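Once you scroll down, you'll see the structures, which are given as structure tokens.
Look for subunit A in each of the two complexes below; its partner is subunit B in the first and subunit C in the second.
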Partner chain A sequence: MTDELSAEEAIEPPPPPDGIPQPQQHFRSRFGGLKGAIAPLLTTILAFFMGGLVVLLTGKNPLRVYKAVWDGTGLNWFVHVGHHSARVPFGTAHMWFPWDTASIAAQNLQQTLLVTTPIILTGLAVAFAFRCGMFNIGGQGQYFAGTIFAVWLGSSFNGMAPWLHVLLCLAVGTVAGAVWAGIAGILKATVGAHEVISTIMLNWIAIWVGSYLFGQGGPLQNSAQKSIPISNDIFDGAKLPVFWGLKLLQGLSIGIFIALAMLIVYWIVINRTTLGFEVRAVGFNPEAARYGGVSVARNYFLAMAISGAFAGLAGAVDITGWEYRIGQNDIQLGGSSGIGFIGLAAALLGRNTTLGVGFASLLFGALINGTSGRQLDPSIFRPDLAGNLTTIIQGLVILFVGLNLGGVWVWLKRRRGA
Partner chain B sequence: MPEGPLLELRGISKRFPGVLANDDVNFDLRPGEVHALLGENGAGKSTLMNILYGLYTPDEGQILLHGKPIDLGSTKAAIEHGIGMVHQHFMLIPVMTVAENIVLATEPRRAGVLMDYDAARRRVRELSERYGLLVDPDARIDRTSVGQQQRVEILKALYRGAEILILDEPTAVLTPQEAKELFEIIRSLTGQGKSIIFISHKLNEVLEVADRVTTLRRGVVVDTIDAEGATEEGLARMMVGREVLLRVDKKPSQPEGALLQVEHLSVVDDRGLETVRDVSFDVRAGEILGLAGVDANGQSELIDAIAGLRHVSAGRIVVDGRDMTNADAKETLDAGIGHIPEDRHRRGLVLPFSLTENLALHAYRHEPNSRRGLLNPRAMTARARKLLREFDVRGGAPATPAFALSGGNQQKVVLAREIDGDPKVLIAAQPTRGLDVGAIEFVHRRLVEQRDAGRAVFLVSLELEEILSLSDRILVIYEGRIVGEFPPTATEEELGLAMTGGSQGKAA
Partner chain C sequence: MNAVAARVGGIGWTHPRTIGIVGIVLGALAFWLALPPLASRTAALPVAIGILAVAAGIWTFSRDERRVGGGAIAAGLLGIAFGVLATRSSSTHLDQVVVWSALGAATLRYATPLIYAAIGGLFCERSGVINVALEGMLLTGAFFGIWGAIWAQSWAGGAAWLVGVGSAALAGMVLATVHAIWAIHLKVDQIISGFALNFLALGITGYLFIDKYGDTGTPGDVPGIPDVHIHFLQNWYFVGPIIGQLNLMIWLSFVLLVGTYILVFRTPFGLRLRAVGEHPRAADTVGISVYKVRYVAVIASGAIAAMGGAYLSIGFVHSFNEGMTNGTGFIGLAALVFGKWRPFPTWGATLLFGFSSALADRLPNAYGNQWGTLFQALPYLLTLVAVAGVIGRSIGPAAAGRPYEKQ
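Take a look at the complex of A and B:
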């Protein structure tokens, strides 16, 4: 601001708002920017605290359980800096890290990041639609659309140039997700069908189509073992390179970098393109956007399709990164508690921001891996209960985000006028 | 009246984070008087009244009723002390009847559990006859007019035993006729011993209805004076803190060719009813054409049709010689139509957006604000900084979200955006709704400037005063038809009569 303006302001300060701002507005202005992390952090801490109470009810020590979960996530690997000398495991030279790359912690971390990868992508899917004022509950279905096409193409075309094959799987998987969500977008844009309803229905369609395709006698079922409801494995050329750990031990593929790159893409599209500008305008106030000459219907469709593209990519990355095949069971289990729904939690907790979705995804990825049966010592906490603990914490986080604890706090202060 | 005050607020201070909303405010109310509380938006009127109604607790100061200190911790306590409030936005249940709304929460009962409808109806009728507040106890709220709903609110307060009535901007939603009737009601209430606090920022009303006037400015009482002998100019000076030009200063218009031509236009609203019927008019370069009318007589649909937000069912819209009938909003913008929408929160602004983004709501498509789909935040911010300075927007930097601004400054942002688009035709729909005196002066001056710059200005307003002081020609719309054209020398009575379908104007 120029001196001239600030001098004027010194004489005539802006009039105070009548009464005080609405709590929601107040909350936003107070917790905007980096400070926006405060409320989600408090939310998370509270959720973990209440999760600890549940552990206490089972007669176990919550602190010991959380310590074990922490160790299981592999995140302790970062803390071990300098404790290990770098060495070359199994003769493959991955010398980028000064840390011990072959420790148990390293393997745990690889698993955590493998789980985090699709959560970031499905989280971005939910976040993008949210920015346009839509609630995409169909991340799971779009994820399956990506999965199905990635498996199909990955297990076809043997001998194709490897980089081309994997790119084809990723690209078609992405488009499949975009098309699947785009259906809901078109329905919303043309006849006003609510996206929550249509995406849920599309979820079920994707689940049952997948069940049929990979079920016994299905067209994409394993060609060698006719009794097992599972797909063929994708060919090696369709697999993403594993850059850390062993392929046989489910090492970490470069999918994590694809997810991180998509975080950046998301930020650019939302904040630095006219498309993102329109999407946000429609999301905040469709009537004002329409008045500004923005086609609301077009943006509903585009935002939904882009949202679905993220989720479809998540499915394709999972297939080409470590799963390599899909079973009927995976689809039916995923239908109610799959990665698409965890992405929903990540977007909510991360408040649809780039950094927020990234960190929230890591939190949920770590939690899932840290409480998985493989990682947790049964004498500390029963792994089957631990899985539930994850779900409890996840649910509490969503509940508290919905409650908007920060808003409640501001409201209480406002009432007292402190 | 020589008696001691009925109610006294002593040394009231109220602090909100970053704002001292009331600073050592003294205010008293004598029995049977109308005491107006005058001030710009944000002066602290509502805060003070919310304290009196038990919605906020003051940080300092005390409230005395009949000379005894009272503690108002809740609205319930306020009601028990005989204080009633009619909010600007009514708090009625649309699907219930007038009588049901009035007795709500204190229903007369039969046998302990059953509501006694007959008793409720009887009591409502008694009250309404006693104070001259005519309402039909059996009418459903959603089928009654706004003026009727306000009466119901007043009756509700009286039913709960209010001796002191706080009316918060009561005329903001009323037509001139309804406002006149409200003033009659106020006189009848004070005649029967009720005392009234009348909150407003409209000077002429305050002078008409009040016995005394207290002016607040930035949370501080400027003065309390008798309404008798006070002038609008004097009150405006107290309110704003400087001389305010109440009359619009303008030269005679020099109209040239028509920039906007509307020919035999008919438009259908969302319910499928024809609300604009065979309307024809021209707006010429260098003139302000005013459209007067009571709310909901087709104005909104007419504006939407011109702005490309609604399809027309018949007729033509021509902008500077180009046929723009049924063009979409973007084409209309490109053809040179600027539009200050009647509801700046719903349409004019994206409230969570920064001022930069709001100012770029049309211009983001064009260089230098964007290139090949990529935004240029630096150019957008530079543009915003320039416009905020030119239009004297206070209380916000380019990155400030729009909701953080006061209403007047928000409207300046809308104005800046529309005028910066260099429109040929500027539609101004209720451009000063809810603004205070200082901001109204600013908006009016800018509109006249646009006229003098050779744009065609189409002013649609429910405020007759605004229409009369700004327009070079005046059209009156009634039930979707243009029922008359008047010169700016017409009287409010002439226009008022035409607005209610009473008479035809000269040569429509």
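Take a look at the complex of A and C:
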């Protein structure tokens, strides 16, 4: 039996290891640069088109719905250069200073960017593991690990130096995410347990442990209101500074810069360090990497832990940036469509590249914010319907993004030309 | 039968395996003695029996029966821990929580959606297609089950639930067909398409639910799947309350289980199914159509899992809510992994997980909400331990997750 198998493997190349989406990695090398953006763009357009069909089938005008969503995202703020007008006595005055920072659009944009921040980070989490040939489905659990520790530390140590307090929350949240993912990494590296199964299990363990901690009678539940399943608020010292908008109106914290910095860190680590080179080598072909003297097991563990660190940081940034507390309800809802899973969609759509993840995160952040109950005008479209529309569009994006539509398109064009 | 007899006959009473199994039983006994009706009040008894179990486990483990031995050690330690906990707690509290007949019935109720999901997953994964979309298939079944039943209420009368189950199965098959096309023909990563379907199922059912029943929720008089009353059984001690009055879908799940075992392990189709999942090229060489078998298996998995969802909505809770499955599909997947992709061990795993859910449901009666909540994590923890290989590793079908390229 073993002889037959090895004979067969000698004839054909070894089958791709589990969990590596081969076509995508080939795609980048074949259609690198700008052309690499064609497929994700087509995917997005297709997903929005099909989402529009769903809206149409239930008797609503999809164009009006999408326009309302667009207005809610605040992305029109960028278009508003020179178009801002205000009422003054005896008429309307056109104000020409660009990009008014106090407009409704500006407030909406702040919300969009607040949502985008953790999506970038969980997207990077998925992308980093992907580069090592692993599928980190556990972003949500690692995000909760970061969240739980950030809330816990943030609501302890009153009177600590503010910058130290917030740094402590972020650092420990990051480490918590890394440890939680590291469990899956160690299992993969030592006994070869499939990381998809172990991270799914770790997700749900985190969800139920979190529900226990912040549920009624739980150890981290609000100490003042014993009947509400919610955590204590973190102290002011543990909050990230708000740099745009008002703190009371949930303005934009500097968390977005942390996320952007992490995008750069991701690019540097992946493309300019030995670690990144080894991680990519293992991701392309673990056997070849092993022959080349790379420790596959070590890189599986490291890649998973770093991946988890991104997701844990996402949770900590969310807590210190604008949520300031967490409820049992939030944790329960996260099980099916939480930030970790949206990060998965962002990484897939962004093809695990730095720019791609950034823009895909902005797309999903805008979509989520634009369809939220706070932003969407209910007379045009019910926000609870729109929230589900967002989920549908995310599903369609993930479904079509693996299809390599751009490849199909280029192939068709070439055939027509020939 | 002969094979079983030979296997039993071949094992002497001092065989490590036998001792290991005795150890597992002792571990369970250690816990059981501390619970009603016996409810030992001294901690010494569970500790003593638990230590015996651990000793048997170590003895077995050192004789290279690692799986059974590890199981006995774990059972012994858990038996001691839970047994001592139980002796510490007041007996009124114990009586409130541990009502064996009620726990048994609840276990079956909680295990049923899991077994449908797990059996669905078994077909799919045995054919070499990973199915992480079980959650979405359950949810789809739950919504379209209740939708079909409400739709048929006016013209089908008492049989409306049949239409419900039928439309659930159909909807599950549609979802599974997408998974099949993506996984088999388009050769997209199966985990990606599975997760995409989970998102889609969540979004579509949520959207339709809000659109149709949004303001009031599903109506209160939804035609449900009937219970089976076995009158002569109902007065029997212990057994009566458990199986005297069970939902039809629960009985059907037993039939499904046995049927699955026979189909997968005792028929030519089952052999083909397993061959395609283990070594598709070899199967192709002997003339088995890999694609056909995989399509059949994936679509069947959608229908079966969706029927579990229909049980959840019109057999169990008689309503629907957005995202109501809340991880049930993933516990089903966990049970499949824990049961090593085999029907009866998987059934055992669903019963174990169903029991832990039933216990989690009853714990708040006496000990407050929080412990019940923490208990919900147990199935996932056990499965994590199982894939980690501490108690015998779970290894799936060899070709699972790999698209097959025809030559």
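One rule holds in what follows: the second predicted complex is superposed on the first by the 361 of 418 C-alpha atoms of A that agree within 3 Å, B and C clash if a C-alpha of one lies under 4 Å from a C-alpha of the other, contacts with A are read in each partner's own complex, and residues count from 1 in each chain.
As a working rule, contacts are C-beta pairs under 8 Å (C-beta built on N, C-alpha and C of every residue); 3 or more make two chains touch, one makes a residue touch a chain.
Keep in mind the model is a prediction, meaning the values are calculated, not measured.
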{"item": "Which superposed partner A:275 touches (first subunit B, second subunit C, both, neither)", "value": "first"}
{"item": "Partner chain(s) touched by A:348 [first = subunit B, second = subunit C, both, neither]", "value": "second"}
{"item": "Touched partner set for A:289, first subunit B, second subunit C, both or neither", "value": "first"}
{"item": "Touched partner set for A:157, first subunit B, second subunit C, both or neither", "value": "neither"}
{"item": "First (subunit B), second (subunit C), both or neither touched by A:196", "value": "second"}
{"item": "First, second, both or neither for A:267, with subunit B first and subunit C second", "value": "neither"}
{"item": "Between subunit B and subunit C, more extensive residue contact with subunit A", "value": "C"}
{"item": "Shared subunit A contacts, counted only where both subunit B and subunit C touch the same residue", "value": "15-16, 18-19, 21"}
{"item": "Contact footprint of subunit B on subunit A as seen in their complex", "value": "1-2, 4-5, 9, 12, 14-22, 25-26, 28-29, 32, 271-277, 280-281, 284-285, 287-295, 413-414, 416-417"}
{"item": "Sites on subunit C touched by subunit A in the complex", "value": "130, 132, 135, 178, 182, 186-189, 191-193, 195-204, 206-207, 210-211, 214, 281, 322-323, 326-327, 330-331, 333-334, 337, 368-370, 373-374, 376-377, 380-381, 383-384, 387-389, 393, 396, 400-402"}
{"item": "Subunit A to subunit C touching residues, read off their complex", "value": "8, 15-16, 18-19, 21, 23, 54, 58, 135, 137, 183, 187, 191, 193-194, 196-198, 200-202, 204-205, 207-209, 211-212, 215-218, 332-333, 335-337, 341, 344-345, 348, 382, 384-385, 387-399, 401-403"}
{"item": "Interfacial residue positions of subunit B with respect to subunit A in the complex", "value": "14-21, 40-47, 50, 56-57, 59, 218-219, 307, 309, 328-330, 332-333, 339, 341, 346-353, 357, 360-362, 364-365, 370, 373-375, 377, 385, 389, 394-397, 401, 403-404, 406, 409"}
